[in-house]
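What follows is a set of structures for review.
Note that subunit A is present in both complexes that follow, paired respectively with subunit B and with subunit C.
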Partner chain A sequence: MQARRRFVNPVWMFTPGFLIILVISIVPLIFSVYISLNAWSLAGGKPPELNWGLNYVWMVTDPRFLDSLVRLAYYAGVGVSLQLILGLIFSTAIYDGIRSARMRSIVLTVCLTPMLVAPVAAGFSWWMMDHSTYGVINYYFTAVGLPYVDWLGDPRIALTSVMIAEIWQWTPFMMLILYAGRLSIPASLYEAAELDGARSLLVFRRITLPSLKKFIALAVLLRLIDSYKFIDTLFIMTHGGPGTSSELPTLYIYVKAFEQLQLGRAAALSWAITLLAIIAGNIFLKMQERS
Partner chain B sequence: MIQKSDLVVRLVFIVVAAVIVLWTLFPIYWLAVTGVKTQTDVLTSPPVWFPKPDWHFYRDVLSESGISQGVGYIALRDSLIISMGTTLLCVILGAMAAYVCSVFPANVPTGGKSMAFTILTFRMFPPIVPTIPIFWLFFLLGLLDTHLSLIIAFTTFNLPFAIYMMKTFFDDIPRPIVDAGLVDGYSPFKLFWKIVLPLAVPGLVSVTALCFVFAWNEFLMSLILTSTAVRPYTVLLATWMTAMEIAWAHRAALAVVGIIPPIILVWILRDRLVRGMTLGAVR
Partner chain C sequence: MGAAAIGAAAVVVVGGVAYYLSTQAPPGPPPATTTATATAPTTTAATEVVIPRPNPNSPGYGLKAGDIRSFDLILPSAKKKIEGTKLSICYDTPPADPLTIWYPDEWKRVAGVEIAEKTMIPLLNMHDRLMTQFTMGTAKYDLISLWPMQLGEFVAKKWLSPMDDYFDEFGYPGMDDVLPRFRYPFCMWEDKTYGIPIDGDILCFHYRTDLFQDEALKSKFENKYKYPLEPPKTWEKAADMAEFFSQQLGSKGTYGTQIFGKDIFLWAWYGNIYHSFGHQWWDEDLNPTLNVNGDGVRALNLLQRTMKASPPGVMNYSVDETIEAFLAGRVAFTLWWPDLWEFAHSTYLGSKIIKVHDVGQCPGVEGREDKWTTTSPVGRMLVIPSSSKRKEAAYWVAQAMAGQTDMSLATVTDPMCGLDTYRYSHYAHPEWFLKKNPFRPPEGDVEPNEPNVDPAVWGEEPALAMANRYMDAHKANVEHSIPQPTWLDAYGYMLELAHQVSAFLLGQKSAEKALEDAATSFKDLTDRIGKDEQKYVWGIIRESYKKAGVEF
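== the complex of A and B ==
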């Protein structure tokens, strides 16, 4: 058998895909490192000029970038936590609250819909609802006596409004993983608890939550990875505004590269957030292994 | 036997489930209903919940001519061309590469298992990182603002995903079946075509659907790599203006048309898609 395998080497079937990835992923990535080491502005019409690490030095002193990182920490930390809590509530309510399996499958699929919607479309819907004059949310807020909130126009609130749209769109993802995790818990654990007459909340805390730990960690990691890439909804809802009050790093890089046309600095920034994400991801995984 | 407290808990669960469904569907309902409103109904207070449907925005978005000169139609067509091209490329090349990784790991550099994982890490890069150099490279090659540019760019991200996912499906095929084919003297390609691929059809279908949805919904690269000749619907959605004003109803109608294909695909395939959407973490 071994001889026959060598006879027709199947590697030709692997090669085209591999080559494409090599050419269109790795070449641009290497080129990107090179760009990041140049002073290169498309606006001046000057050719790129090597300045080695200067872009990286500049970045550390750029308040706009540092502010966007702080915002990312808030956005990812609070946003992902809320997605987790809601996802837990969603999956538990659907799993325990609906008896008929058919109905459960339907409700589950309905609840998955937001993650299929293009993020721009979701952002547009929330932009309409949050609109300062014609928004449906404010209309009902003031109608029932709640204060008027300028969701997208108030610098203190804009990022949170975007976060709410993001929570709407991605809580289903949390729910999906947690629901699948819930399915994997053996029913015998619950039967034993029922025999002992344990109350629902206690069962949830002592059986459900510990068994879900692995799934929670996975879902949180995947969502964290996504949140530093996040741009679509933000782009359409506030474009980082008012001012730069809701600007996250990815949007800042976009603005740097394609509005201010400073490719060198933008490339350096893009590597900075990639490295930060890799470091953060590794710390998270280490913590996970330890516990 | 049912305790009273359990009954209360169950009631709470049902109410919560109802609230969840409402919260989930409202923004989509609001998009859909804005698209059938007349211009005056859109910008009015109190908000109109159940307008007398006026379909002309939907018709405008879907027709080749019309008041907006078919920009919506052209954008949807561009999205379709790009998504289908990407999907075709990713599924064909991805299935073949994944097959070699799964069945002949020894023939793949660094071994099939770690290869598939290495490939996957490319997906973890924020898209903005490769997009900056790709923009410049495509500019030099004169590829900007073409369908091909987006097909190539999307393949960067979807092909690693397709390889990784297809491999998990091929790995599920019982090894004796594959070995039986080898003993019978099948060539690697014949084995792939006659035995492995037919057994992995469900997986193949869901990878195809997800590749399509990813490409269909993509925004950032589309925005950067296209301008006037080609404009996918997500870009139009974010930039559509009429007479200096944001085209509320046009955009809403376009958004609704745009979200229908992914929703249909997923409703049909819902039981098979979970693994793909969670990157193989949940089987």
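== the complex of A and C ==
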């Protein structure tokens, strides 16, 4: 009797949560696979029609999607790298440059405030600052003799402008993780290096960086995942424009699903991005394990 | 466990009944006494009122194009049916104030109808939000301010209720007073009325009179281009003038022109030029005709010349930024909707060009100067969803605001809402531009109630002359307008076209490639929708074009 009661209780406790996950996650996921295998547009009156993967064939030949992947590689590669470098610099500067622990805490908290801003609010703020006519950035640029820059209207740099906003907002996240990692490095290592007369750059290369490897891997992986699903600030600042010069895959999926109402193709695109993210994440983790 | 289940079920049942009862109109008050009319409706049983068709007692009956009637007429039988009804409405920005602030008190006073739920959707999200809501069945509106571009889609899916059955009891909306270019392609479908327009959108040519009259500029221009500097009659000349103004004044922050390069609207700026060559988007068999005789490429090149003479960042300008650029005097001329003329008179809106702007006809193309065209993007009409359970009350509100009434005149002449002329009666009464909106409440609205053209500022006669000139320009542009597409997924087609035009303007592909890709997208969309279905719809639209006098 006692054994049966122990077996029954966990199942009952597990079931409601499982049902919720089933209804709001697993069933929609399976259904989205089904949608991606259909020619289904909300416009016109045709019902969904199975086309057995033709959406995926379309996708790999769609120049707009392929261009958006190239932009994603740029945005994720350059953006995350810059966030890492800046995060590393700031966390090291705060840890090593400020003696007082209390002061370090205060400075760190202040530095984290961009992270606390809602992405939409951040997007609006940067949109206003980058405005081609009234933006303060160009105001100060031209005031000190720097050239005027069409931050959001020039197709060559619109995505970079969005990336700058993201770097501003999420470098503190990198900084926080790397700072935590820095705290975990034993002080004895640095004492030994000091005794040996090692210079600070050598210490950084031979002690700090190797010790931070796991934290760097974690931070970079999390930011890469965020890059794959990034849409909010982009939507506000440029909506993928001018034209499609700053359009990333997530925004293209939004356009396909909610503006062009082509659900089948949008579902196929979503799965493609998801699989890319899974593959990229796996490769990254395997590389970390090997090193 | 069993008790809990029974309790939960009881709560659900009671809650559901309560909700259902709350959405029903309460019984109306006893019928009020009314002014006797020539032929009263007959009665059969105790409460049944038989409405004759046509009903000479119905407000608006027998009135001709150009006439006005008062919005506050309502038959007793009609009032009895709709008094106490609470409506749910959906709209985007321009009709927001009239529908939710200015007129609801008046509607409640006259007919006892209340606007209870208000759903505002941003301008650029109207299409996708409404499509998804209607597809999911979650659109619980009684009245919607709809873009005509969605008419074909909504009618095909039976999402809209025709209004004709309500005319006799609830008022004739004066459809013969509606300008044909709006009436037939936008409001009617297979001879049924699905919408009453509230906004007659067409693109007009707005320009700075001081720059075109500046003697120094005129002299320089004529020396260079060998023809006079005046509002251009062709796009070739418009491009010359745009480049000229940018060269001369760009260092002072004033550019030749601007285009509205963001989002879907680029189709209208491009179409304004392309249609002037005499072409439609496709032929009878739905074969795309986007580059007939190379005219598509010519149109794109002309558009690109104007884009290059625009302020920096113009391809990312929002609606407000494009308006603001003209009001701040940063462009010499621009295509825009008619209401820009109204905004340009407003000190409240910060116009810096109050006395130095005017509006005229859009340019054509060389060799076809007399066959110039303009496009009619956006526009709005009040429609009744077929799912509404309060259609009669919704119809009454629609015809009160937008039917052949003083209220529609007050709306289109009010500078604070951005809704434009769409009736012959509007042309016939330009004096309304000189007075305040008499139906706005005395308080509770942050925007000032001021005349469009204040006679105290301009003088009575000059103000009336300005209003007349505005109406003349509007009329000329309407008569040369090509209706916006209203076929199945018209929005999707135009979005694809706008995308390709944008790609060309930004140097991402050649003009030929952009138009080829647009044609491929059109064919792809047609295949997805069904060629037969689309052809049928296109046939209906072509008939409406004939009635509206549209020729290519």
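Keep this in mind: the second predicted complex is superposed on the first by the 282 of 291 C-alpha atoms of A that agree within 3 Å, B and C clash if a C-alpha of one lies under 4 Å from a C-alpha of the other, contacts with A are read in each partner's own complex, and residues count from 1 in each chain.
Definition applied: a contact is a pair of C-beta atoms (placed from the backbone, for glycine too) under 8 Å apart; a residue touches a chain by one contact, two chains touch by 3 or more.
No experiment lies behind these values; they were computed from the predicted model shown.
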### Task
Applying the touch criterion given at the start, work out whether A:T244 contacts subunit B, subunit C, both or neither, answering first, second, both or neither.
second
### Task
Using the superposition described at the top, determine whether subunit B or subunit C touches more residues of subunit A.
B
### Task
Examine A:S41 and indicate which partner it touches, taking first as subunit B and second as subunit C; both and neither are also allowed.
second
### Message
Quick check on the superposed pair: does A:L152 touch subunit B, subunit C, both, or neither? Answer first, second, both or neither.
### Response
second
### Task
Considering only touches as defined above, state whether A:F258 meets subunit B (first), subunit C (second), both or neither.
both
### Task
Considering only the touch criterion stated at the top, classify A:V110 as touching first (subunit B), second (subunit C), both, or neither.
first
### Query
On subunit A, what residues does subunit B touch that subunit C touches as well?
133, 258
## Note on the structure
subunit A residues touching subunit C in their complex are 39, 41-46, 64, 131-133, 148, 150, 152-155, 158, 238-239, 241-245, 258-262
## Note on the structure
Seen from subunit A, its contact residues with subunit B in the complex are 1, 4-5, 8-11, 13-14, 16-18, 20-21, 24-25, 27-29, 31-32, 35, 89-90, 92-94, 96-98, 105, 107, 109-126, 128-129, 133-134, 136, 139, 143, 168, 172-173, 176-177, 180-181, 199-201, 215, 218, 222, 225, 228-229, 231-232, 235-236, 250, 253-254, 257-258, 263, 266-267, 270-271, 273-274, 277
### subunit A-touching residues of subunit B, taken from the complex the two chains share
5-6, 9-10, 13-14, 16-17, 20-21, 23-25, 27-28, 30-31, 34, 42-47, 89, 93-94, 96-97, 99-101, 103-104, 107-108, 119, 122, 124-130, 132-137, 152-153, 155-156, 159-160, 163, 179, 182-183, 185, 187-189, 192, 213, 216-217, 219-220, 223-224, 234, 237-238, 248, 251-252, 255, 258-259, 262-263, 266-267, 270, 274, 277-279, 281-282
### Message
Considering only the defined contacts, which subunit C positions touch subunit A in the complex?
### Response
127-128, 131-132, 135, 153, 156-157, 261-263, 311-316, 321, 325, 330, 488-489, 491-492, 495-496, 499, 502-503, 505-508, 525, 528-530, 533-534
